[in-house]
Each structure stands twice: as C-alpha cells, then as structure tokens.
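The two complexes that follow have subunit A in common; it is paired with subunit B in the first and with subunit C in the second.
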Partner chain A sequence: MGAGHAHRLYREGSSPVHRLPPHCKIAATFLFVLVVVSTPREAFAAFAGHAVLLGTVAVLARVPAGFLLKRLLIEVPFVGFAVLLPFVARGEQIEVLGLSLSVSGLWGAWNILVKGTLGVAASVLLASTTELRELLLGLQRLRMPPTLVQIASFMIRYMDVVSGEMRRMRIARESRGFETRGIRQWSVLAKSAGALFIRSYERGERVHLAMVSRGYAGTMPVIDAAVASRAQWARACALPAAALGVCLMGWLVP
Partner chain B sequence: MVGPVNASSSPSASPVPSLEVTGLAYAYPDGHQALFGVDLTVGAGERVALLGPNGAGKTTLVLHLNGILTGGLGGVRVGGLPVEKKNLAEIRRRVGIVFQDPDDQLFMPTVREDVAFGPAASGLRGPELEARVRRALEQVGMEEFADRPPHHLSFGQRRRVAVATVLAMEPQILVLDEPSSNLDPASRRELADILRSLDVTVLMVTHDLPYALELCPRSVVLSGGVIAADGPTRDLLCDEELMRRHRLELPFGFDPRTVTVPA
Partner chain C sequence: MHVPDGFIDAPVSVATGVVAAAGVAVALRGSRRELDDRTAPLAGLVAAFVFAAQMLNFPVAAGTSGHLLGGALAAILVGPWTGILCVSVVLLMQAVLFADGGLTALGVNITDMALVTVVVAYGLFRLLVKTLPRTRASVTAASFVAALVSVPASALAFTGFYALGGTTDVPMGTVAGAMVGVHVLIGLGEAAITALTVGAVVAVRPDLVYGARDLVAPLELRTAPAGNGTETKAA
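On to the complex of A and B.
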C-alpha cells in the first residue's frame, strides 16, 4: 500500500457517480447485488440487462472498461470451484467437445459465475468511485457497529506504519546475511512475525494512551457526517430499481 | 467551576499556578518505585524544562499530570483543579500532552480530523469546531495540509501536527515529551519558533540540553524519582558537578556560558 490513502482501486474523478454520498452508493450496490442474486438462472436476457445497467454506470462514472476488467481478475481464485462443478456433479450428463459434463453442474457453474461476476463488478465500481475514508463514513452512517468502523479506520491509518516496520525488519535481517532458503529459515521468519505482532500491540497501547489523553471515552466523535438529499438517494437507487425491473421480467417472461 | 474558567481565559494574569505537584510518589504494580515524593510548581505562562537521565521517572511523572496514572501518594493540581476521577475530562482538556512518536499521536485518517478529535470529544461541533481546527493548524504553519493523511507528511511536519492536535484543545499547559528527538536542524528550529510564539505554559521533557537552554528560562532536574535541582537553565547547565552527578552531558563543543538565548 505504498499509495497510502489513494488506494489502488480508487480512480480520481468528479463524475456524477463520484459525487454521490457514500452511504447511498453502498446501499445501492448492496441492493443491486441482492437483486442479481434473486434473478432466476435461466433468464439469460436478464443477466445481459444487468450487465448493460452496470456498463451504463461505468460510462457515467468515466471508468474505462480496461480498468474495470483488470480489477475483475480478483474474482479468479474464487470461481475455481465453479469451474469444477460440471465435472464433479452427478445426474444427467451431456457431451460437450468430447467431455461428459453434468447438466445440473453446468447450471450451477453458470449461476455462480454470472452472479459472482456481476457482484464483483458492482463492488469494483463502488470502490473505484469512492475513497476509502468516504466508504468508512458511509458505513458509519448506515449504522455499522462503531467498533468495526474504528477497527477498519485504524487499519487504514496504520497499514503503512506496520508495513514500514516489517520492511525495516527484513532489511535488518538481510543486512546480517540472512537469506530465506527453505524450511529451516522459517523459525526466523516466525520470530520476526511474533516481534512485529508485539511491536504493533505495544503501539496500540501507546495510541490508546494518546487517545485517552485527548478525552477519548469509548466512542469516536462524529466529525464529518455524511448527508444525502432525497434527489441523491433517488439517483443512487436508480440502479437497483432498474435491476429489479429486469429481474421481475426474468421471472415473468419464461 | 467559575474560578477555573476565568483562569483559562487569561492564563498570564492568573495568580493560580498552572501546575502544582506535591509529594508525588508512585510505584508500578510490579513493585518498581519510580517516584519518591516529587514537588514541582509551574507558574502560568512559564516555560520549564524537565531534565533527567533515562529511567529517572520523567515519563511516569508526565502520565500523572493528566491522570493516566493515579493511585500513588501526593497530588497534582492543574490550574487549581485537583487531578481526580471526577475531574478527568476537564483535566485532560487543560493538560495537552504531545507524545514522543507522532505516529502514536496521529491516529485519524486525515490531519484535519485528527486535530478535531480532542475538541470534538469534548462536544464541540460545526463551524466552531472548524474554526478551532483552522486556528490550531495556523499556529503550527500546517493549514495547507489539513486534508492530507498523516503518513504522507515528513517527520517534522508530523511532529508539528501532533502539537496542533493538542493546541486545538486550548490547553492551559502544554507538556512535550522529547520534542526535538529525530528532528533535523531546520525542523528543530521551526518547532522552537512555534513553541516560543505560543501564549501557553510549557513543560518540556528532554535530554536535549541546548534546546532546553534555547527555550526554557527555568529547568528542573528529575533524578532518582525526586526533583534534584531547580533553577535558571543556564546556571544548572554551568554546574559541572551537578550535571555529572545526574548523568547529564552537554554535546561536544557546546558551552552554555557563551550562548546568547533569543528573547
């Protein structure tokens, strides 16, 4: 995370999507994913419709297709299981290119793949148009438990500090002739990890001391409150509402 | 609390000392005794250096000033108000501690929010809070950096923001733990200029004897858990016997007799 706050998923911009309040965008993304998940898997056209909707948002947000597709790759490790399904599932079999595949397995794989991809694409769009800090403010506004928001916010703040410490420890190790070669060096690495944990823990204590010294009594004061007008909510909800339409079509039109 | 409020509005005219420590003794739960009866009075508007070798109990004393550590003998009063459980919120507003590592002090995602943390915790909101934050950042010359995350600043800048986070609480007494440590000479001078420009009582814990001479007309030496000496900084630094006894050493080539201290 050398880029620090300007996290790698975020793309600077001032598009209408960037300007929407964070909690509206989070809610809209969540609702969109719910709608996608409840769309019947047989309704191919409906999924095309969802994809078109997301594409429209991407165009509005001026997020280029290449940027979006590259970040979609994060999904790959998770869909490995879906790809296996047609081979391992039982029931009715079908010949495709000389391979015997399970029909229900194929349906299952398609279901996971299409819904997963749409969900990830929606999240990537959210992340590329919303700064990390704003995301936290949005979650706070949506009544996420304050402890969780605080943990996430400290993680963002101290990620660089801790990774800097880790880098210095590695440089110190290597400067004294240490090389990672095979299993025998693992105990050294494990001890480094332990030392890093203790250092971070002690830093946590010092940070807490500094917070208490400035009047912290268990809750973070709300300094920036995210506010949204009705028009902004309406604009954010246009996406899940349109998707709901598509989804209902999918159920009603066989 | 009419008296204390008046005292905070005009610290230099107030006859109440900013800080009174009387007979303070403290032993850690593991039995190690760090303080053996410390007496120290700091008048309003004074700048005092707290000198002492490693392990003299300096940090332990500092943590008593805002009630982080309590439970020993003796007492601490800040602007006349005793450090007790029921006063802790007000005490922590009055005593601003700047810790040694700015990464410990700056824990919020942006400089602005960090400076706002203290006053917001005491209930300030809206334009009043904004004004307080802006003023504190102006005092340390960091107003352009308000929206930057702390880890994108240089070490010297982070130290200055750390001072601002405490100034935003409009403390009666500013306590600095090793303010000049890890600073390059330019940042050191900039911080000195800032500290001199503030109209606030300062207690500065340091090993940096030239810095103490430059900024604080008066010094006290904490050694072995008691105040071993108290007097004008130059007199203490020139007393070679006293310095040696308490493991205090001047940097090579530095002669306190020949230095002109800026007014």
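On to the complex of A and C.
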C-alpha cells in the first residue's frame, strides 16, 4: 500500500492553488470550462484571454510549462478529427495552398482545437494541484452521491493493485515464451482478462467482508468535514469570474 | 473516443448531463437492489478491472492494436445497473484525473459510452440467451453479438448528439455512415474479446456471470447408494 497512491498527474506543492479546498477548485474548473465552451468562436482575443488566465494559474501553482504541454497530448486523437473537418464540411469553400476547404469546417476545427485544448489544460491544472483523495472528498462535498464517491474511491485505491496483477500475469505469460503477434493470441489474452475479472471480483468480496467485520453498514464515516471560507471561495472563483468577463467581451466586442 | 470540451455546444452538453445524471441515479438504485451494501466495494473493484482491462492491448496486425472498451463486458459480467455505475465512474475518473474527455462533455460521454452501450448490450444479450439453447456456447455467442452491436449503437448515439449540438455543419448522413462503418470494425474486435473473456469466466466461475446466472445448474444433493461405505465411515 506504500507506493502509487499519488497519481501520475499530481505534483507535490504548497502553492496558493494547492492549498485551496478541493471542492472550490473543482467547481471553479468546471465553471471555467463551461465559460470557455460558451465563448463565441469568432472572438480570438477572448481565447487569448482565457489562455492567459490559465497561464497565470499555472504560474501561481508552480506547474512548469513543459509538464502542462506534455499532458495536453491526451487530446491528439481528436485533433485528427478536427483536421478532417475542413475537408468534409459543407458550405462556402475557399482555396488554401491549392486545397479546397470549407469555411465552416475551418471554423469548426478551430473551435474544437481551442476549446478542447483549454479544457484539457484546465483539467490538467486541477489534477496536478489536487491529491486524489482530496478530489474525491471535493466531489462528495459538491453533493455527488456518496455511493458513487465510494465506488470511485475503491476504484482509485485498487487501481494499482489490479494493474499490478495484470502486469504479473503478463510477466508470467512472457516467461513461458508467449509473444503477442496478432489475432491468434487473443484467446490467451482474453483468458487473462477473464482471470483478472475473477480475481478482482473475489477481492471485492473479501474487501466487503473485511469492511463488514469492522462495522460497515453502507455508509462511510465522514472524518474531516472541512468547510471552505468565503475568502477561499472568492479566490477559487476569481478564475471563472475573470473568464466570464473575457467571454462577455467576446460577445459584445466582435 | 472520449469527447473533449467544445465539441458539442453548451445547451446539448447540459441536456446530456441531465440525462447522464438521471441514468446514473437510476443505476444507483438498481444496483443497490442487485448488491445491497456490497455495491461500493464490488462495483469499485469491477471499475478498477474495467480500467485495467482497457490497458490490455490486443495486437491486430502489423503493429496496430486495439483495446477493450468494456461496456458490454461489464454489463454481462456484473449486471446492467452495476455495469452502468462502473463504466460511468471510469469515465468520470478519466476526465478528472487524466483529462481524457472534457468536463463539460462528461454528460455526452457517460450517456453514449455507459448508458447506451450497457442498455443495448445487456438487452440484446438477455434476448439471445433466452432464445438460444441453454448451453455455454450460446452465452459466448450472445456476448459476441451484444458487444458487436453495442459499439456502433454508441457511435450512432454520439452522431445523434452531434447532429443536435455539433459545432460544425457537416453532412450528417456521411458522418453517420462513416461513424457506423468504422465502429462496426471496432465492434468486431470488441465482440471477439468480450466473447472470449466471457467464455473464459463462464468456464471457471459460471456463477459470476450475472447475465447467465439462470443457466447455472443448481447444486443437487446426491445420496450415495446404501452399502457404498463412504458415509458409514464417519458414523
């Protein structure tokens, strides 16, 4: 149980952003992304403004730019989709470098790229400044159903155990000369997946019995019922509020 | 394919968010009926399994590989309600921890990948299991078909959301055709892996396959014929 509890995205730190209560941060991130999504795509300056806001948060949280940029790679599959849009969309066409591209498709691609990137960057900042356990506590304080929070916390807690078992099965297969080359090996891999399911399910049963024997009756005790002060909410909501300002400018000043 | 922010406009994102929240709420109640206070640990462990199984790469050919999506598999193995919960929690955690899938697109992602996949897969699976002969082979066949259909169904649902709230004007017929075409191919892989995995579990622990519980022969009490000697030894 020692290692692997801090997830891969989290960066240890004690910056003002790290110290904010998790539910304020989650709410602020969500509101910020919502504002970004509602910003009109023609307002280039507004998106620059959003990016500057996120950059400020990153500097405050002492998250290095390289780390942030590397994490943005997660959206690469959708970039592929966005690149295709100018070719398939209908409407007015323009010539760019000898290619006939749709104007609305170009707008669509720009829209997805900029909003998607800002959204990913905001989520990455949230996850890199908030510990896993705190994130779950935050979700609970934002009134996510307790059972869902419990399921999520069990998933997080046992994610490394289950992937560890999967890794050991892979090593066992490979040490017996197994090599994955194509579809013919699927049956072996699927048997591993089946074994992994049985092991996970049985572990779940044992965990439940262990919990029952310690007095579990369907709810988890709330140990720290910390509340956020008004000042902390104000600090967290500075980001979406500023973004809302930028967004309104985008609507009013075309 | 996890939808990022900005792909679907704000009104449709909010509407699908409401649909997803309602679906998850219904699943929570249903799952409580299925598992009562075992819900949290079991669904949590199965969610961890789905998460890990998605990392298991199945080589296709020439260096390409696919991976399991797990909606149909989870529904068949642990039941539709718990399946919805597991896949939704996996999607939520992927969005919050790994920024895979946008926060505002969470409603779209949960609706098409958890709700539609599980409902279609489980409905079809139960229908087939009821009509096919009661054998292990038909459980495998039923999971193949259920997984095969669930993937393009999910893609079709996504295309529907895109038609309602897409941010670009693209010919919807073409998009629907392309999406379904590509996802039938993905679905074939998903179907093969799901069927093989369900087959492996049915062979070892048939009682753990929720969708085929009624196929398990009940344990019967057999009395050895008198004079065999096995019981009298103890006496």
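We take it that the second predicted complex is superposed on the first by the 249 of 254 C-alpha atoms of A that agree within 3 Å, B and C clash if a C-alpha of one lies under 4 Å from a C-alpha of the other, contacts with A are read in each partner's own complex, and residues count from 1 in each chain.
Here is the rule we use: a residue touches a chain if its C-beta (ideal position, glycine included) is under 8 Å from a C-beta of that chain, and two chains touch if they have at least 3 such contacts.
Bear in mind that the values here come from a model prediction, so they are computed numbers and not experimental data.
**Student:** Tell me which touches more residues of subunit A here: subunit C or subunit B.
**Tutor:** C
**Student:** Does the superposition put A:R133 against subunit B (first), subunit C (second), both, or neither?
**Tutor:** Touch partner of A:R133: subunit B, not subunit C.
**Student:** Applying the touch criterion given at the start, work out whether A:A89 contacts subunit B, subunit C, both or neither, answering first, second, both or neither.
**Tutor:** second
**Student:** In the superposed arrangement, does A:R203 touch subunit B (first), subunit C (second), both or neither?
**Tutor:** After superposition on chain A, A:R203 lies in contact with both partners, subunit B and subunit C.
**Student:** Which holds for A:I156: it touches subunit B only (first), subunit C only (second), both, or neither?
**Tutor:** Once the two structures are laid over each other on A, A:I156 reaches both partners.
**Student:** Where does A:P221 make contact in the superposed view: on subunit B (first), on subunit C (second), on both, or on neither?
**Tutor:** A:P221: touches subunit B, not subunit C.
**Student:** With the two complexes superposed on chain A, say which partner A:S213 touches: subunit B (first), subunit C (second), both, or neither.
**Tutor:** After superposition on chain A, A:S213 lies in contact with subunit B alone.
**Student:** Counting only touches as set out at the top, which of subunit B and subunit C does A:S14 meet: first, second, both, neither?
**Tutor:** neither
**Student:** When the two structures are overlaid on chain A, which partner does A:V37 contact: first (subunit B), second (subunit C), both, or neither?
**Tutor:** second
**Student:** Need the overlap of the two footprints on subunit A, from subunit B and from subunit C, as residue ranges.
**Tutor:** The answer is residues 132, 153-154, 156-158, 161, 203, 207, 211-212, 216-217 of subunit A.
**Student:** So in the complex, which bits of subunit C are touching subunit A?
**Tutor:** Against subunit A, the touching part of subunit C is residues 1, 3-7, 9-10, 13, 24-25, 28, 31-32, 36-49, 51-53, 55-61, 68, 77-78, 85-86, 88-90, 92-93, 95-100, 102-105, 167-171, 174-175, 192-193, 196-201, 204-205, 208.
**Student:** Would you tell me which residues of subunit A are touching subunit B in their complex?
**Tutor:** So the residues of subunit A touching subunit B come out as 4-5, 132-133, 136, 153-154, 156-158, 160-161, 203, 206-207, 209-217, 221-224.
**Student:** So in the complex, the part of subunit B that touches subunit A is made up of which residues?
**Tutor:** 63, 66, 68, 89, 92-93, 95, 97, 99, 101, 103-110, 113, 116-118, 120-122, 129, 149-152, 165-166, 169
**Student:** Give every residue of subunit A touching subunit C within the complex, in rising order.
**Tutor:** It is residues 7, 9, 26, 29-30, 33-34, 36-38, 41, 71, 74-75, 77-78, 85, 88-91, 104-105, 107-109, 111-112, 114-116, 118-120, 122-124, 126-127, 132, 135, 139, 145, 147-148, 150-159, 161-163, 165-166, 180-183, 185-187, 189-198, 200-201, 203-205, 207-208, 211-212, 216-218 of subunit A that touch subunit C.
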